[in-house]
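Okay, got some structures for you below.
Paired with chain B in one complex and with chain C in the other, chain A is shared by the two complexes that follow.
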Partner chain A sequence: MVNDRGQLYTIEGIAAALILLVTAYFVVNSTSVYTPGDTHISDMQLEVLGTDALAMMDTMPNTTVGKSPLRQIVEQDDASRFNTLFPKTINARTGGMQDDVQYTVNVTYVVPNTESSIGSFHLANSSRPFTGTEHAVRVSRWVLVEGGFPGCSATSCQGKHAALVEVLVWRD
Partner chain B sequence: MSDHAGVLSIDFLTGFTIFMLAFIWVATMIPGLLVGLNAHTIDFDAVAYRTGVILVEDPGAAGPSAVGGYQGVFPWEFQPDTRDVARLGLAVSKDTPNILNGYKVEQFFCKTAYSYPDDYRKRAIFGDYPYRFNISLNDTEMAMVHSVGDIAPDNYGYIRRDVKIKQASNATINSTKILAFGYTTTENVTSHQFSIALNTTELLDDKIRNPAYQINPFTDRIVINITGLEDTRNKTIFMPALPAPSGYNITSVRFYQRTHGQTSFSSWTPGTKYQNFLYDDENTTPVLPPVDIRNNVSLVFEPGFFSTALPNSDIYINLTFGMEEPQSYLNNTQTLPFDYNYDPANVTQPCLDDAVLEVAVW
Partner chain C sequence: MARLNDDAQWIVLMGFIVSFSLFFLAILINQSTVVGQTTAEAVSEFPKNDIRGVRGALIESTLLDDESLFQNKTTVQDEIKILALSRQNAVVNISSVTIGEYTYTEIHYNNGVTGYNETYTYP
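What follows is the complex of A and B.
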């Protein structure tokens, strides 16, 4: 007679292992469910908008002007002009009501001839203040400027150097 | 006797395994049934973003059977057959993102050239799904809105891009400039000639290399207005009022080209579709020479007009004026041709108008 002691345990083990493997396969292979309303999409749209607005402000309207509006604003610390130009650019629509994007702007630069001293100043902001709880997106642009800044009027600050214009933009 | 306590039968194991497999399979399908998700709605924002990038950051491309090119470049906006257009991009060049070409904008929104939605789907939207869309462009400085597509429903993907539109350059040769440059002659003759020069080497390879600000005779619209012709004639000679002929006319407009650095000229003729470029006085309908004139003449060379001229050539536009009575008139044969260049005193330079583009996809 054939001795079948132990074979059942072996078959049972194989069956159990197959169940585990197949279950694990199905769990891992299940299709992910993407839900709409992903907030990162609106972040991306706002970031593209802010980047475009800064790029267009840093573009000369023609060759006779010499310096872009953004460069002139940073060199002259002209908050009033920024508060006129930036909202006009970022809130423009093709029809219907204008958008209502809020912002706050800082300019950061390396103090020339120091290599380690960082200076910054607040350039402008929208009418609604930034409290820190807004879901803001950061956009920035390097601008080549010439001359001193508030807080750095020394001779070493003259001449051309790069400044980083950082804008936090958000919608209420 | 063998001990079977605690051991399941093989039949039960087999059946239970098949049951569990089936149960797990169905359980994984339940979330898909409950959510009822349509995959295409997830794409709308991504497709809108991609379309925005193609429109504002890409200059577009013509298909492999394109015609009308210059120096190996075949702009899509010059293709007479829309089937030769592969991709509708509005940027001046790949190096100038967000700076749009004004003529490309005109062609993109031309309803006789491209039909909604098929022509735009194949050349700007792409993808297998038949998306519907609305693309709108607002030139805020000209207060002009272009739009193509349907009105967006409640649920749609969206992107907005801030751009600038490059406008054409133009030159106005008025009586002040005529006097300053000495563009008259004291010779009393019945035929006078006036020349305008387009030095393509100076325009494309010299000071201004940024395509956003360049005057490119091969692709840009060139506008030349000559005003104050009354001040160059002998005013003692009576000029009959309209509708009688004035006694002055443009006899012909001829074109010549000369390879830069060479001395010999060759005649050049524009393509047959570019015959309507001459406007007289205040008329908005183009005229063909010989044509009666009084005080103003305008030459409007549409984009692509000079595309068949030699590369690196100087292009000369020669106007011949005729009159019944011998007298002095506009004439620069004894001086230099009017140079259409980057001097803002001579030529109004290309300027960039603020604009905003919106793309909605559903």
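What follows is the complex of A and C.
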């Protein structure tokens, strides 16, 4: 005859072991998904930085009534002026060291005198070319410009036109 | 449980209670990471700057008019709609009505995930 006096302790042992195993599984499983939540923070910071830089370039100096520097740059396809103004803001840091943010700029517009044909041209880029493997964020700014698109003379597309300045910004 | 010694029932019960509380704590830790990730994704997917840009451009376009040769309001607004659809995957619409001395301009933005509607009163 087998003695059955330890049955309750056996059941308790098995239940406790199962609960501990499941708990350990949950804890180990949860820590591995921690990183994706945090990578967005630096992206968001870079996006705010780029948006603010474009907003500053699209602001006219206090004393003049006229076009903002960004509008003039788009109208005249002035890459060198963009390359002067944009890095000044985006690479500025407290203290002497400059930041190393890279960028490339495209302007998208509706081809004048067509219904909905989209055109775009490359406006400017930083010293390092965009290869496609960077982890870039996109910032954009709408401008209303007069002329200044490829195939657009003063008489062929009169008046104001909307254009979207898109900048890819990344840290290198 | 005939003839079984049941003196230790409280110990067994406490064992179960502690185990289950550990279990629920683990679930809480597990959920917190998911919550953090979905919140960050929602924040970065929310097209705050796109909406601001479209809104600013549309409001600026309402200050133009159609009468003069160099002020093509309708063209600019159509261009904004086309460009927003092609570059930002968003449907944009604008319509205005003037009642009395006020002009009410309705601005709509929808990219399938986020919708934004505003009535802008001018002056």
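Note that the second predicted complex is superposed on the first by the 124 of 172 C-alpha atoms of A that agree within 3 Å, B and C clash if a C-alpha of one lies under 4 Å from a C-alpha of the other, contacts with A are read in each partner's own complex, and residues count from 1 in each chain.
To be clear about the criterion, a residue touches a chain if its C-beta (ideal position, glycine included) is under 8 Å from a C-beta of that chain, and two chains touch if they have at least 3 such contacts.
Keep in mind the model is a prediction, meaning the values are calculated, not measured.
Of the two partner chains placed by superposition, chain B and chain C are both touched by A:Phe26. Judged by the touch definition given at the top, the superposed model places A:Asn62 against chain B, while chain C stays out of reach. In the superposition on chain A, contact of A:Glu134 is made with neither chain B nor chain C. By the touch criterion defined above, A:Trp142 lies against chain C but remains apart from chain B after alignment on the C-alpha atoms of chain A. By the document's definition of touching, of the two partners only chain B reaches A:Ala92; chain C does not. Touch criterion met: A:Leu49 reaches chain B, while chain C stays clear of it. With both structures placed on the common chain, the touch criterion links A:Glu12 to chain B and to chain C.
Of the two partner chains placed by the overlay, neither chain B nor chain C lies in contact with A:Asp78.
In the superposition on chain A, the residues of chain A contacted by chain B and by chain C overlap at 5, 8, 12, 15, 19, 22-23, 26-27, 30-31, 33-34, 36, 41, 44. Listed in rising order, the residues of chain B touching chain A in the complex are 2, 7-8, 10, 13-14, 17, 20-21, 24-25, 28, 31-32, 35, 37, 41-42, 45, 49, 52, 97-99, 136-138, 140, 145, 147, 158-164, 208, 212-213, 342, 344, 349-352, 354, 356-358.
Those residues of chain A whose C-beta lies close enough to touch chain C in the complex are 5, 7-8, 12, 15-16, 19-20, 22-23, 26-27, 29-31, 33-34, 36-38, 40-41, 43-44, 47, 51, 108-110, 116, 118, 139-142, 144, 146, 158-164, 166. Within the complex formed with chain B, the residues of chain A that make contact are 4-5, 8-9, 11-12, 15, 18-19, 22-23, 26-27, 30-31, 33-36, 41, 44-45, 48-49, 52-53, 55-56, 59-64, 89-90, 92-95, 99.
Those residues of chain C whose C-beta lies close enough to touch chain A in the complex are 1, 3-6, 12, 15-16, 19-20, 22-23, 26-27, 29-30, 33-34, 36-37, 39-41, 43-44, 49-50, 53-54, 56-57, 60-61, 64, 69-72, 75-76, 78-80, 82-83, 86-88.
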